[in-house]
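Two complexes come next, and they have one chain in common, subunit A, joined by subunit B in the first and subunit C in the second.
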Partner chain A sequence: MSEYMLEIQNVDAFYGPIQALRNVSMNVTEGQIVTLIGANGAGKSTLLMTIFGSPRAAKGTIKFQGKDITHIPMHEVGRLGIAQAPEGRRIFPSMSVEENLLMGMMPIGEAHMEEDRAKMFAMFPRLQERRNQRAGTLSGGEQQMLAIARALMSRPKLLLLDEPSLGLAPLIVKQILNSLKDIAAQGVTIFLVEQNANHALRLADRGYVLVNGEIRLSGTGAELLANPEVRDAYLGGH
Partner chain B sequence: MLFTNPNDPPILAALKDSLFVGLIAFLVFAPISGMVLDGYGFNSHLERPAIMAAIVFAGRFIYQFLAGTSFGKNLIAKFAASKAKPGVYVGQSDGLKYLKFILPVLFIACLILPFFLDKYWLSVATLAMIYVLLGLGLNIVVGLAGLLDLGFVAFYAVGAYTFALGSQYGIGFWTAIPLAAILAAMAGGILGFPVLRMHGDYLAIVTLGFGEIIRLILNNWMEVTGGPNGAPAPNPTFLGIEFSRTAKEGGVPYHEFFGVTYNPAAEYIFLYIVLFLVVSLMIFFFSRLRSMPMGRAWEALREDEIACRSLGLNHVMVKLSAFMMGAMTGGVAGVFFAAQQGFVNPTSFTFFESALILAIVVLGGMGSVVGVVLAALVLTILPETLRTFAEYRILIFGILMVGMMLWKPRGLIRIRRPYFSRGDSK
Partner chain C sequence: MDFHILGQQLVNGLALGSIYGLIAVGYTMVYGIIGMINFAHGDVYMVSAYLTAICLAILSYFGMVSPFFLIVITLIVTVFFIALYGWSIERIAYKPLRNSPRLAPLISAIGVSLVLQNYVQVSQGAKTQAVPTILPGAFRFGTETEFIQITYIQVLLIIVSFISMAVLTYIIQKTSLGRQCRAVQQDAKMSAILGINTDRIISTVFIIGAAMAGIAGVLVTMNYGSFDFSVGFITGVKAFTAAVLGGIGSLPGAMLGGIILGMSESLFSGFVNTDYKDVFAFSLLVLVLIFRPSGLLGKPLVEKV
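Let's turn to the complex of A and B:
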């Protein structure tokens, strides 16, 4: 048993001939919020998806709770206690909000449905108001809330989030990132991929900076926030 | 509308609109009801479409004229106001209130229907039920799982031939139903497995090919299937009781067993009732499917495969189960078809059948059970009532489809999302 919940060691990943990740190593400690920041095309989403095996890591290993998951199929990763709110939300647009939540329970069965649904509605009251509405008719922020709630319905130990702030109004971003704090407080480990470095680093216990498929910097959230290189590249230099 | 201009006085606008609508009505009705076939030629009765167009014209004019006047506006406002509440709210359905009264009545009505039909209409009703079954089966594959299957008729053929050929080896009607279901599901599995990595158009082409392969095998494998000559299918029996006037070796005909007078239609009435019960069972099952995890998984897979897989769903199993479940239903329909026809041959299983079944699903509304049932009834009974226009059947189909795609792209009945909430609405 290793001390980390998620260990990524020396991972390479390719899209056809193009190398998207180079020798990436990073760790997520249980109970923490860990963030990965980087510019467009740095490979953030690729790294997140290699955990789910799409694209599969060409080299290196990925371990979850000490178990090697580098080569297991995508749907089995979902059953191990890892859930993701994927890039672009990927909710089921013509299904209702509640059906989307039910889909989130697929890995664990529907025994806890009433209890967990109530929990999600308490965290995101907007979803309760709209629970019988088709998910495709929700606003962007509501869809993001739904994606996070759907992921949480499988009672994951590790929650992966890919740019939850993408395309949302600043106020909603704040609201969603605040709710991540609550989720972390309930004992869920969070791995957050973000472009919004300022918000993400404030929230995170630990951060990694990905540049052109390589980990350039790592440190605690506060350290990275104070780092001049990060400030120049991601925080507008002030 | 097209030719009106916003500054026209209402009466002129109404007149222009109505003329336009009347013209369209005339164009639509002219070939359908204006030409009456007479041998190889036809007589034109253009006064008929003219009358219909006039009715449409008058209706539109009255409607639009009234809507323009203050009286009409008040009337419309009154109807609208009775429901509207201020603010935005999400509508709750209340249309299902009467369902528990309507359903049993409908059920009993359909059950006793065959006793009031002559033999011809009975066969039409049976055929309609068979298409309901086929439509429901394809609805799983296309409507719920979103896998475009153009070769659905293959499973129908598997079912029909299972009964026809199986009877030579002593397989009766009742054994044939589960057997056909299993064999068709296996055929679905065999087809499904290699094609599941395909999407959309590619899948459609492969399934189309599969449908043709099955038909060609039936056509050419003379020793087993009888080739184009087909194979006879025996009459259905009930607990060993036969429905013929005189029973074959050792059997008992029903009129002797029950001590009633012989009715040549009894066999078909029996077949209809069994079929109707199977259809009812399937409708019951399918209407619950969408609130079951399996049905939801099919729909979710149609919407987003990546999201589904990351939620722990094995996409191969989900697709395969949809294919097999649909094929199974098609196979059962095939048994009833063979039993009703008393004979099967490959010409019953052409691509046109697949297209017809697909038309039922599209017309009815993808995924909607009620819609599919309605569409199946319409598409089988309508051509029979319009026998005199048999040549125009395909034309009418085409027009219907184009119209549907324009005005109701989601089919007759758009599916209602199931609600899961119980009593905690606030």
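Let's turn to the complex of A and C:
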């Protein structure tokens, strides 16, 4: 057994001829919030999707709880206890909020539906108000809440979040990031990808900085916040 | 205006329309889930007509005469084998092309269509086949000279079609399997992230489509009695038209499109001209597409960003 929940070692990934990830190595420790920050196009979302095998890692290994998952089929990754609220939220627009939550339960079956749905509605009351509404009619913030709630419905050990703050009003961003603290407090390990470096690093136990597909820096959240290079590039240099 | 002719043509149209609807389901669901027009679907329907004849022949050989058991057993056996056809066709001809350009599976579908037609021609002969009438008799309403006639087999055809549609709608709307089908249709990659085996769901959709075409095949064969290896083409084109008319990708659309097409064809034959009924049906399609390019119940195509 390894000490890390998720271990990414020397991973390369390509979109056709374009190399998106170069020799990326990073680890997520169980029970922590780990963040990956970087500019647009740095390869952050690619890294999250590579964990699910799309695109597949051309080189290197990805291990989850010591098990090599580099080459397993996409639909089996979720069944191991990894859930993702992906880039662009990707909720099912023609399904109701409840149906979207049900879809989140695919990896574990629908036995805990009542209990877990109540938990999600307690965390995001807005979803309860709109439970029978088509998900495509929700606002951006509500869709993001739904995407996170859907991911949590599979009772994941590891939750991958891809820019949950993107395009949302500051107040909603705060609300969503606060809910991440609650989620982490319930024992879910979180791997958070963000452009909003300030928020993310404050929240995180550990952070990595991705530049042009390569890990440039790593350290605790506080270390990175204090790092002059990070301050210049991602925090507006103040 | 002769009201008994109107009534009669409405009944005929409803029967014809439910058949178009049943077959259109296969086109619309496959299009919804992998964005491909399955040109072999009409020939799957044609194969089911032969399966019906073979099954009826075997049952009669063993001395079965009860219409009820003949119909029920033929339905079950034919649907089972045609589902197997649907599943195998997807496995052999479409699955290996899953990540190819969109044109490749289309050509492959035309290939499957040719293979099925020729395979049936070689194994069953090219001449028109016929099955005996299983359920003779009809209901008659009206006077001695002006009446509406509904044969028992037409009644059966309409009832079985509506039950099949209702069951399918229930499965798609209310069950976990149906939710998975809809999820894969809306976002296949996200469905896989959520642990859905998308290949399995695509197979399931082909099985459902073939099964519905199989039900149509059994009913039509029992209704009209004769068929040959080429019936799949024109029926397939009509059912495809029904699917497009209703909005391809939409399940209620396929049913609605089928009924509208069947009704209008049959009314046109009854009151205007039988020879030009296809012209009328396809003109209707052109008109609908001019004013509603995504079909009656289809959603306008939104370019994904």
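Note that the second predicted complex is superposed on the first by the 238 of 238 C-alpha atoms of A that agree within 3 Å, B and C clash if a C-alpha of one lies under 4 Å from a C-alpha of the other, contacts with A are read in each partner's own complex, and residues count from 1 in each chain.
The rule we apply is simple: a residue touches a chain if its C-beta (ideal position, glycine included) is under 8 Å from a C-beta of that chain, and two chains touch if they have at least 3 such contacts.
This is a predicted model, so every value here is computed, not measured.
Undergrad: In the overlay, answer first, second, both or neither for which of subunit B and subunit C A:Pro86 touches.
TA: both
Undergrad: With both complexes overlaid on chain A, does A:Gln19 touch subunit B (first), subunit C (second), both or neither?
TA: neither
Undergrad: Which partner does A:Thr220 reach: the first (subunit B), the second (subunit C), both, or neither?
TA: In the superposed model, A:Thr220 contacts neither subunit B nor subunit C.
Undergrad: Now for A:Ser154: first (subunit B), second (subunit C), both, or neither, which partner does it touch?
TA: The answer is both, since A:Ser154 touches subunit B and subunit C.
Undergrad: Given the touch rule stated above, what does A:Ser179 touch, subunit B (first), subunit C (second), both, or neither?
TA: Neither partner.
Undergrad: Thinking of the overlay built on chain A, is A:Ser54 touched by subunit B (first), by subunit C (second), by both, or by neither?
TA: both
Undergrad: On the superposed three-chain arrangement, identify whether subunit B or subunit C touches more subunit A residues.
TA: Of subunit B and subunit C, B contacts more residues of subunit A.
Undergrad: Given the touch rule stated above, what does A:His75 touch, subunit B (first), subunit C (second), both, or neither?
TA: A:His75 contacts both subunit B and subunit C.
Undergrad: Which holds for A:Gln133: it touches subunit B only (first), subunit C only (second), both, or neither?
TA: The answer is first: A:Gln133 touches subunit B but not subunit C.
Undergrad: Please identify the positions on subunit A that touch both subunit B and subunit C, taking each partner from its own complex.
TA: 52, 54, 73-79, 84, 86, 90, 92-95, 99, 102-104, 106-107, 110, 150, 154
Undergrad: Which of the residues in subunit C end up touching subunit A in this complex?
TA: Listed in rising order, the residues of subunit C that touch subunit A are 176, 179-180, 182-183, 186-187, 189-198.
Undergrad: Can you list the subunit B residues touching subunit A in their complex?
TA: Subunit B residues touching subunit A: 90, 92, 293, 296-297, 299-300, 303-304, 306-315, 417-421.
Undergrad: Using the touch definition up top, name the residues of subunit A that touch subunit C in the complex.
TA: Residues in contact with subunit C: 52, 54, 73-79, 84, 86, 90, 92-95, 99, 102-104, 106-107, 110, 150, 154.
Undergrad: Once bound in the complex, which stretches of subunit A touch subunit B?
TA: Listed in rising order, the residues are 52, 54, 73-79, 83-84, 86, 90-96, 98-99, 102-104, 106-107, 110, 113, 129-134, 150, 154.
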